[in-house]
Amino acid sequence: MKITLLYFGRPAEKLGIHQESVEVPDTLQTLHELAAWLGQRGEAWAHELTESRVQFARNQTLVARNTPFAAADEIAVFSPISGG
Amino acid sequence: MKITLLYFGRPAEKLGIHQESVEVPDTLQTLHELAAWLGQRGEAWAHELTESRVQFARNQTLVARNTPFAAADEIAVFSPISGG
Amino acid sequence: MSIAVQHDDFDFAAEYAALRNRHRETGAIVSFVGLVRDFSDAQTVQHIELEHYPGMCENVLAQLVEEATERWQLLGARIVHRIGKLHPGDQIVLVLAAAPHRADAFSACEFMIDALKTRAPFWKKQTTTHGSEWLATKTSDQQRAARWNPEDRT
Amino acid sequence: MSIAVQHDDFDFAAEYAALRNRHRETGAIVSFVGLVRDFSDAQTVQHIELEHYPGMCENVLAQLVEEATERWQLLGARIVHRIGKLHPGDQIVLVLAAAPHRADAFSACEFMIDALKTRAPFWKKQTTTHGSEWLATKTSDQQRAARWNPEDRT
């Protein structure tokens, strides 16, 4: 399935990517699984997407990492928010 | 003994007085007794100085009506405060 | 001076700027402004008259700033209260608190206005279309002020 | 619009005046301003960079204003948050709440900034003399935000 991935904060900077449209295996069900799959891209990816380092938004709503996702979703991956 | 009396708020307006220097009987000990003594000046005084209607400051500190007072004190008599 | 009692209107922007520029460690500024409302118990307010006890009033306000500064980590605090004849929409009182962290600024600002309501000798005479009356301390104000008493803290 | 996310500085005085003049029943206006501090954990801050998630961020801020308006009796509320490169002393965020009574204005203002800290997608990269780092959500901010959850109220 095809999804849009957005990156913000630390992972965007460290991985040098802000947005990508990507085809992911249909076997991936949760954001946790998606992060693990992206982590296979290399050491930097595995490091930056470690569980304690990232939060997720699915279609512009903050969600837990065990949240399922679906085709055509906009998934954002980012370091803990720190506004204000 | 001689004391200074100040009036603010409702009693100042209704009794038409803001300040007086007054000789009061040495037998008066508390502000409650002072208010009762002033109340003898007439119906308006008795009405305005009714317990529920006034608060007191002794030498510029808010005090309870059973507080003693002394010669040369500055005693203020006023309706409940309502600033802000 | 951290307090003022005055007939003139105050300039909120100037007061805020003065506090903001005082310390570079300031991370939070919380302000409260009280305004004359046009309605009171469904009656149209024409004006209010504010009287104070000169001397004592300024001392109490300075004491409130001092208490707030002792109790919370502040980098500045300011209270300005107007007296005289005011009309609906007019500014009555300004309370400002600056701190490194917002929790201190919020608590200090709220404490100062709550304590002012029950401790600062001001009197408000309100004139509506139904006549004039001296307003009394509200029960809700007494309750809010009591929340800050050390013996009531849980 | 009751919210804005912008690179430009905001004019606190103009924002306050706009809210003040909106309703004649307004009796209280509470404001919070967050500023860039010059020290962080004993290191001198040179600048911060603020990034946001366009679209989602504006929606969350609008949602916070809506929640505050549903929960307290308000006559107006406003959130302005800056993005981009900011220096010590710069204004970061403004939260304003106007209400007939001050209890509502204080609660709404504090709720909005507390909830913003844990729900609005902003990221802050801080550069000190020791280098740059992305700041994480503070535990104290999570605790302060949790106070407003209905299930936690006593």
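For clarity, chains are labelled A, B, C and D in written order, and residue numbers in each chain start from 1.
FYI, contacts are C-beta pairs under 8 Å (C-beta built on N, C-alpha and C of every residue); 3 or more make two chains touch, one makes a residue touch a chain.
Computed from a predicted model, the values in this text were never measured in an experiment.
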> Going by the contact rule set out at the top, which chains touch both chain B and chain C?
Replying inline: none
> Which chain is most remote from chain A in terms of Cα centres?
Replying inline: B
>> Report the inter-centroid distance (CA atoms only) between chain C and chain D in whole Å.
In response: 23
>> Need the CA-centroid distance for the pair chain A / chain D, whole Å please.
In response: 26
> Using the average of all C-alpha atoms in each chain as its centre, how far is it in Å between chain A and chain B?
Replying inline: 73
> Any idea how many Å lie between the Cα centroids of chain B and chain D?
Replying inline: 49
> Of all the residues in chain A, which ones touch at least 2 other chains?
Replying inline: none
> Which chain D residues reach two or more other chains?
Replying inline: 34, 113
> Where do chains touch, given as pairs?
Replying inline: A-D, B-C, C-D
> For chain A, which residues are in contact with chain D within the complex?
Replying inline: 6, 8-10, 12-13, 57, 60-62, 76, 78-84
> Taking the complex as given, what residues does chain D use to touch chain A?
Replying inline: 34, 50-53, 55-56, 59, 81, 92-93, 113, 116-125, 134-138, 141
> Which part of chain C faces chain D closely enough to touch in the complex?
Replying inline: 12-13, 16, 20-21, 24-39, 88-89, 100, 102-103, 105-106, 109-110, 113, 140, 144
